[in-house]
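One chain, chain A, links the two complexes that follow: it is found with chain B in the first and with chain C in the second.
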Partner chain A sequence: MIRSEVVVIGGGFAGLTAALAAAKRGQTVTLLTYGEGTLPLNSGVIDVLGYDENHNFVENPIAAIEKLPETHPYKKIGVKALQEAVEFFCGVARKNHIPYHGSLDHQMMVPTAIGTLKPTCLTPHSLSGSEVFPGKKKIVVVGIKGLKDFYGDIMMENLKKALGEGREYQLVEVDTGLTGGRDITTQDVARWLDTDAGTASFTKQLKAYGGETDVLFIVPQVLGTKGHACYQTISSRLGTDVLETTCLPPSVNGMRLQHVLVDSLREMGVDIVENTKVIGSEKDGKTVKAVIAKTASNERKYYAKKFILATGGFYSGGITMRDFEQPKEPIFDLPVSFVKGEENWTNKELFGNAPQGFAKTGILTDEALHPVDESGTVVLENVHVVGRDLGGYDFCFEHSGNGVALASAYKAAMM
Partner chain B sequence: MSDKQMIEEEERAIYTGDHCLSCTSCMSNCPVMAAAKEYRGPKLVAPAHGRMHFSEDDTELSLDFCSNCKSCDRACPSGVAVSTLNMLQRAEYYRHHPHSQRDDMLAHGERMAKRLNAIPLGTTFANFGMSIGKSLGIFDSMGIAGKRDMPKYASSTFAQEFKKIQQPKSDKKVVFYPGCSINYNEPHIGVAFVKVMNKNGYEVILDEKFNCCGSPLVVTGYLDEAHEHAENNVSRILYWKQQGIPVLACCTSCSLMLRQEYEELFGEQAMKDAGENVYDAFEFLEMLDAEGKFNTNINAVKARFLYHVPCHLKTQGIGTPAVSIFRRIPGAKVELADVGCCGMSGNYGFKKDKYDISMKIGEKLFSRIKAAAADGIICDCPTCRMQIRHGTQTDPVHPIEVLAKAYK
Partner chain C sequence: MEKATVVVIGGGATGVGILRDLAMRGVDVMLVEKRDLINGASSRYHGLLHSGGRYAVKDQEAAKECIEENTILRKIGKSCVEASGGMFVRLDSDDPDYEKSWVEGCKVSGIEAKHISLDEAFHLEPRLSKHVVSAYLVDSAKRYGGRLKTYTEVISILKDGDEVHGVKVRDVFSGEEYEIGCDILINAGGGWAGKIAEMAGLEVGVQPDKGTLLAFNQRIANHVVNRLHKSSDGDIFVPHGSITILGTTSMSIPDAEDTSTSREEVEKLLSIGEQTFEHLRDYRLLRCFAGSRPLYIPPGGVKGRGASRGFAIVDHAEQDGLKGMLTIVGGKFTTYRLMAERMSDKVCEKLGNHEKCRTAEEPLVPQVSEEAKAEARKYFPSYGTNLAATRLGPERFARVVDTLKREPEKREIVCECENVTRAEVEEIAKELSSYKINDVRRRTRLGMGTCQANFCALRSASVFAKCGHAEIAKDSLGQMKEFLQGRWKGIRPVLMGRTLREAEMTRGLYELNFNVTGDLVLDADGNAKVQENGGNAK
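Take a look at the complex of A and B:
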C-alpha cells in the first residue's frame, strides 16, 4: 500500500507530462508504467490539428479547434489550457537542452521518411521543416549505408513533388562503419553521432556536397540521442541547415523527448514504478480510493487523492474489446463511447478522406476531464482521463495525437 | 510432467511471442544491441525466431549474446516475456550441443562452494588459488574474463554465522532466502538483514533445505537442472506459505527467479502459487511502513547515496522500495544512477568473449558514479556490485547494510 497525492497511470507522452505537471505544482506523484510508452515509436513532434473532419488541411490550428464538434476532446480541454500546456512544455524542453518552437496559429511542414510533408505545430530545431525550405537551391538527401527503413530515392522523388522541381536534388550516402553485423537502426547512427569521431566523420563525408547556405541536408532521425547539441555541431560545421525527417520506429527524437521528461521527473523526486500493470481499482461511490497493480507475483495498492488515466486507449490496451461493441476500460470500468454499427466501424480507404470509426472509441469527459456516462453525468469525481483514452477523435486522421495528449495531461494535472 | 497442474495456456510465457507487434521498443532498450552489432536483438531473436524455433530444428546463433537482463521485457508494451523466450531457446540449443567447461563452472557456483566448505580451510585455499589462477592466466585460458576477480569466499557461511545470532523470540516470523552470494561470499549482508528484521519485531528463520535459485543455470542453458532446483525451492516456499510465513530475499536476481521466472520458464501452477509468498526485503519493509509498523527509531546518516537500481529489481514491478525506506533515515539522501544496465548480468560479464561488451555497457554507469562523487554507492544485486567495483574502484554496499548500521 503506497500513498501519494496523485497517481498517474501510463508512461506515454500524456502520462509523463501529467506526472511532471503535477509534480511541478508541488504534489507527491507516483507514476505507474507498463512498457516503454509511445515515445520510442513516435517522432516526438507535437501535432495539434492538421486536418478537419472532412480532411481539409487546417491552416490555423487554434482557430480550427473552435469549429470542431462538441464531442471532440479539444472542446472539453479548451484553447486556454492548450496554450498554457504549450508554454509549460516549451519551458521544460528548453531547460533540458532541446528547445521546441512553432506556433498554434500556423503549421510547420516536416518531411516524413518517404519525403512527403506533414503538418505539425511544435518541433525541435532539427525538425523545423518549412522554416528552412525557403531560399534553398539544392536539397541533399543523406542516406546511411545499411540503415533499415530509409529509402532515399523514394524520399527524393516525393520531395521533388512537395518542394518543386525548381531546385537541384542529390542523393548521397554516408558510411558509418557500423555495417557488417545486423541491420543498423537510426538509434545506432545517433549513438555513433554522440561521439566526436562520429560527428567528425559524418561532416567530413558531407562537406563536399554543401559549403553554401543555400544547400539543405535532409537526414534520417540520427542527430544524437540526447538534446540538440549534435544538431548544432553538425549544422555549424556544414555551414548550412540540416533537417531531420520523421521516421519509422525506433524514433530517436521521440526518445530524446522521453529522456527530457523522465529526467525531469527524477529531478522532481517522482516515484516511477515500471513494469507494473494496473488491473483494477477500489472505489467508494464516485471516489476512487486506490488502484490495484500487479507486481512480479502479487498485487499492490496505490492510494491517492487523485488519479490520472493515461493508458493509451484502444491502441495500448487502455481500452479493450473482447466482444464486438462491448468495449471495456479495465481499471475503473468507465463507460466507453464508440461508433455503433459494424458498417461504421472502419473505413476501408486507409488513407482516405474520412476518419476510422473504431479510432473514435474512448471515454467522454466533462471540462475537468472527469469521465462521464452517456447522459453526461460524472461517474468518478477524482479521476481524470487524458491522451488516447479520450473518445471522439481519430488522432491519426486529423494529426492531433501529441497535441491532445499534451493539453489534456496538463489540464488534468492542474485540476 | 503430465500430472502437474499447468497454468492456463493463454497466460503462459512461452506463448507470449504471439503478442509481439514488432514495435521495436525492446530493441531500443536492449543494452547488448547498443554495445554489439553481432546481436540481432530481442525482437528478431525471441518472439520472431523463437516461435519458429520451437517447431523446427534450427538455431539463431546470435541468441548467445542475450544477457537476460530483461530490459526488453520491461520495454515491451504487449507483455511478451522476451528474455524468457531467449532462455528457453538457449536451453533447447544445449539439449543438442555440449557445454564448455567454462559454462559448467559458471553455472555451478553453488556446487563448488559446497565442496569447498566441506573441506577444512577449503575456501581459504580456494581464495588463494583463485588469485594465483588469475595471475597465471588459468581462468583466461578457460574462457573466463581474466581481468576480473572471481568472487572471494567468506571464511564462514551465512548459515554458520546465523547460528551465532541471538534473536529475540517473536510470533512474527519471516523466512530468509540468502542465495549463494550471501551464503558463501557476503554473509555480512544476511547478518544485516537479520538485524533489520529483529528491529522490526520479526524473527528470522533460515531454511537450509533451499538451494541455489537456478539463475546461473538458466542463463547458461542448464534448464533441466534449474527445473530440479525450482521444484525443491517451490516446495519449500509452499511449505512456509501454508504456515503463513513469507519468504524474503535480499538478492534481486534470486527473488525474481523465485517469484516470476520459475513460472515463466516452466509454466506450473505451483510455481505461481509459491511466487505469491516471495518478497524483496525492502518491498516487505515498505509494506510495514505503509501500515505504520516500520521501526523508525533510526540514527541519522548524513550522507548522499547514489543508487544503482538492478535490472532484476526494476523487472519486479515494485518500484524502488529502498528509496522509500531511506526517506525514513534522517539525513540520508538517495539519488538514482538511472543509466540502465551495468553490463554484468550474473555470469555474463565473466565470460571472456562477453567481457568487452559487458564493460562497454557499464561505461555509462561507471562515468555516472565517478562524476557523482557520492558518499556511498548502494545496490541490491551482488553481480552489479562486482561490476561497479571492477569499473570504478568504489566499494558499493547493499542498502540493507546501511539501514542495519543506522538502527540504534
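Take a look at the complex of A and C:
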C-alpha cells in the first residue's frame, strides 16, 4: 500500500509548488503527474493582477485585490498567504540560481514578442523590462536567423509605440548556424547558448552594436535553458542590459522555472510518479481515503491524509464538459461552478472589456481551499483545490494566473 | 469613368462563373464584390457536389442538373474534387416507403444507386450506427482577361430612363465613391440579389435561407453519408481532407448578412447527427458556421426546405421594362457552372456574340504537372504538395516552389495544421486582392485546422506586415486580433468539450502572454500607463 501524508495531483506550476511547499514542511509527499504540465506554455513570470473586472489597468495589485468580488480566489486565499507565498517562491528561485524580483504593489512591464508590454509582478532579471528601459537611448532588437515565432520587424514597430519614438531603434540578426532545412525554436537557440561556443559567437556578433550602457538589447527567450548564468555572462560581455521577451511556446523561461521546481522536489526526496492518470477516488463520507491512478499497465491506489487537486481546469482535463452546462470534475466529482445561459458563456469579442463567462468555470472553496457546494458547505474535508481548477476568475483577462496558482498552492500546502 | 461591356455584381460561385464564361467568349467583363470572393453562401456550405440523390424524390429537375453538373465538374476540376462517393443510409426509425420512392426517383433522374449489404456498409463506414437498416452507394463526388474588384460595394444603379448604364460603387477601405459604366448589368448577388434589385427599383423574390453547419476535427466517414429520408436538418456528413462537415439547418431569415449561429442550432445538429454516428459527441468540434442559400421564390411560391433548389434568370427588360439588367437567383453550388452558362448565353445573345460556351470542356484550374509536383516535394511538406498545387495553379505554384528552392528560410511552415509555407503566404499576401489575413486564409487554408490560428496568427501577421500592399497590413496587432476574432466567431457556439482547451490556449497565448490589446505604454520614468484610445475598445 502506497501511503504518504500528502498526495498532489498535477505537474503544472500549482502542483509543483504545492508539493514543494509541503515537502519543505517536512511532510512526505507523492506527486502524481499525467503529462508534462503546462510550464512549457507558461511565461514563467508571476502575474498577480493586471486588470480589474472592467479592464482598468491595475497599478497596485495588492491594493486592488481588496476590491475584488468575494467569489474571487484571492479573497479566499488572502493577502497574507499571497505575501508568504511570494517570499517562499523567491527563496526557492534564488537558491536555484535564477533570482526573481519585483513587488506586489507595483507592476513590472515585460516586453512581449509582438512588441507590446505585459504587466506582471515578479520576473527573473532577464525579463525585468520596466526596470531597465529608463535612460536607454538606443534599443537593439535582436532577431535570430531562422527562428520561428519571433519577428523582429513587427516587434520593433509595436515597441516604438509602447516606449515612444524618442529613442533610436535598430534591428539586427544573429546567425546561430543552426539553420539547415528545419524550423528552429527558442529552445534550440537556448541550448546553443548553454555552450561556451554559442555564447562567444552570440556576443561577438552583437558587440559592434553595443558597448555603451545606454544601449539595450532585446532578445527572444533564448538566454540559456537553466538559471540565469547565461544572461549574466552575455550582459557583462556586452557591457549593458539585455532583456528577453515573452514568446510563443516552447517558453524557455517557463521551462527554467520547471527545472527549478522539479530539481528542488527531487532534492527533497519527493516521490514524483509520472505518466499516471488519476481517474477516481475512494471516499468515506467527507474524507478521501485514496485516489485511484491508472498507468500503462495497471491501476493503483495512493493513500494519504491530505489531497491537493492541481489538475489545470479545462486545459488539462481537470474539468471536462462533454455537454453544454454540465461541467464535471472527474476525480472527486466535486461541484463545479459555472455561468448558465449561452449569452453569458462567451463574449462576442474574443478580446473585449469584460471577462469571458466560461473562463470563470471552476471549483469554489472556503478559506482553507476546501471544495464547497452551492450553499458554501465543505464537501470534502481533506481535499484542497488550487490553481486553474479554482472557479470565479478569468486568469487571461485579469492577468492573474501564476499569482493565483502560487498563492493557492502555498496556502493549501500550509493548511 | 471606368467602363466594361458587362458588369457582374457579386463574387460568389455564380458571379465568378459568369465572369469566367463571358471572358472565355471574349466579352469585356468586370466583377464587383463588396467583400472578398466566395465569401457568402459559396464558402459557407458543405463543400459538397451533390449527386442529386437528395432531390431524387421531390425535385427531379434539380436532381438531374446535379448529376450532370457533378460529372462535368469532376472532369474540369479534377484536382479540386475529392472523389469520396456517397452513401445513403436508412435508420430503423425512418419511413421504408421513402426508400422505395427514392430508388424510383434515382432511376428517373439518371442517378445510379447501388444497394449494398449491411456488412459492406459497416465495413466501409465502421462508425455508423447499428440502427442502419438499409444502405446504398451513389457515385458522386484572369487568364481570359476578366476584371475583378473586391471590397468594392455597389451603392446605386445608374439609370437613364428605362435603361441601366452603370453602377456607382464605394471602395470599402478608402471610402472613395466612383462610377463604372456598362451596357449590361448582371445581378448575381445571391442572398443579396433582392437588395441589389431594389436599388434599381425592382422586386426579385429572393428568400435568404440560413443553413448552419458543424465542422469536426476528424474524418468521421469515408463517404458522403446521407440519411435516406425526407430531406431534413443535419442529415449529411461530408468528409474533407482531415475534417468532417455535418449539416445543415434551414431557416428563413430577413437578411443574408446574418451568419450568426447558436447553441440551439449546434444541439439540434448534434442530436440528429448522433442518430447516424452514435459517438458523434466524442469528436472534437472545430467550429460552427452558417451561410444563406439564395432561394428563389417566384410569386406565390413556397419558402424554406420546400422551395425548389432550381435557379431562375430574370430579364428585367421583359419582366419590368428596364433594359440592360438581368438577375440570376436560386440554384446550388453544384449547378453554378450551368447557371453561368445559361446567363452568359443570354448576355451574348443580346451582345450579338456567337461564341460557344466552353466551360464544360476546359479545365477549371490548369493542372500542375506530375513532374512539377515531384520537384516540389523536395521542398514542400509532402502532405501539402497536392493541396498547394490545386489552390495555387501552375504559375503561382511554380513561383512558390522556386522561392522555396532559392530561399530555404521561406520553407518555414507558417500553418502546421494545413501545411502552408511562408513562401506561399508571401505569394498570396502580395496579391492586390489581399487586404486582410482572412483574405489570405480563404486562398490558402491558413488557420483553418486543428489549432484555429493559435500559432499562425503571429506568423501570418508578420508576413502580412512585410508583404501586404494595403496600409492596414502594417497594423500587425489589428490584423492579428481580427484574424483571431474571425476564428472565435465559429468557436463560440461550440465552446464545450475539447474545444474549451483550444480556447484556453488561444487566450493564454495572445491575451495573457502577449497582451495583444497593446494598451500599455511607458513614460520616461518607466511607469506604465494606459494609452489614449488604446486597449480593447474600438
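As a working rule, the second predicted complex is superposed on the first by the 413 of 415 C-alpha atoms of A that agree within 3 Å, B and C clash if a C-alpha of one lies under 4 Å from a C-alpha of the other, contacts with A are read in each partner's own complex, and residues count from 1 in each chain.
Just so we're on the same page, a contact is a pair of C-beta atoms (placed from the backbone, for glycine too) under 8 Å apart; a residue touches a chain by one contact, two chains touch by 3 or more.
Computed from a prediction, not measured in an experiment: that's the story for all the values here.
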item	value
Partner chain(s) touched by A:201 [first = chain B, second = chain C, both, neither]	neither
Per-residue touch tally on chain A - higher for chain B or for chain C	C
Touching partner for A:346 - first (chain B), second (chain C), both, neither	second
Touched partner set for A:161, first chain B, second chain C, both or neither	second
Which superposed partner A:41 touches (first chain B, second chain C, both, neither)	both
Touched partner set for A:60, first chain B, second chain C, both or neither	neither
Touching partner for A:113 - first (chain B), second (chain C), both, neither	second
Touched partner set for A:3, first chain B, second chain C, both or neither	first
Set of chain A residues, in rising order, touched by both chain B and chain C	41, 180-181, 249
Of chain B, residues touching chain A in the complex	23-25, 27-29, 33-34, 36-41, 44, 62, 73-79, 255-256, 259-260, 263, 272, 275-276, 278-279, 283, 286-287, 290-291, 314-320, 323-324, 336, 338
Chain A - residues contacting chain C, complex	41, 43, 47, 50, 55-57, 59, 107, 109, 112-114, 116-119, 130-131, 133-134, 145-146, 148-149, 151, 153-154, 157-158, 161-164, 179-181, 183, 246-249, 251, 313-315, 320-324, 342, 345-346, 348-353, 356, 358-359, 395-397, 399, 401
Residues of chain A touching chain B in the complex	1-3, 30, 34-37, 40-41, 178, 180-182, 184-185, 187-188, 191, 249-250, 255, 262-263, 266, 271-277, 293-298, 300, 316-317
Chain A contact footprint on chain C (complex, rising order)	262-264, 267, 281-282, 408-409, 411-413, 455, 458-459, 461-462, 465-466, 474, 476-477, 480-481, 484-485, 487-488, 492-493, 495-497, 500-501, 503-522, 524-531, 535-537
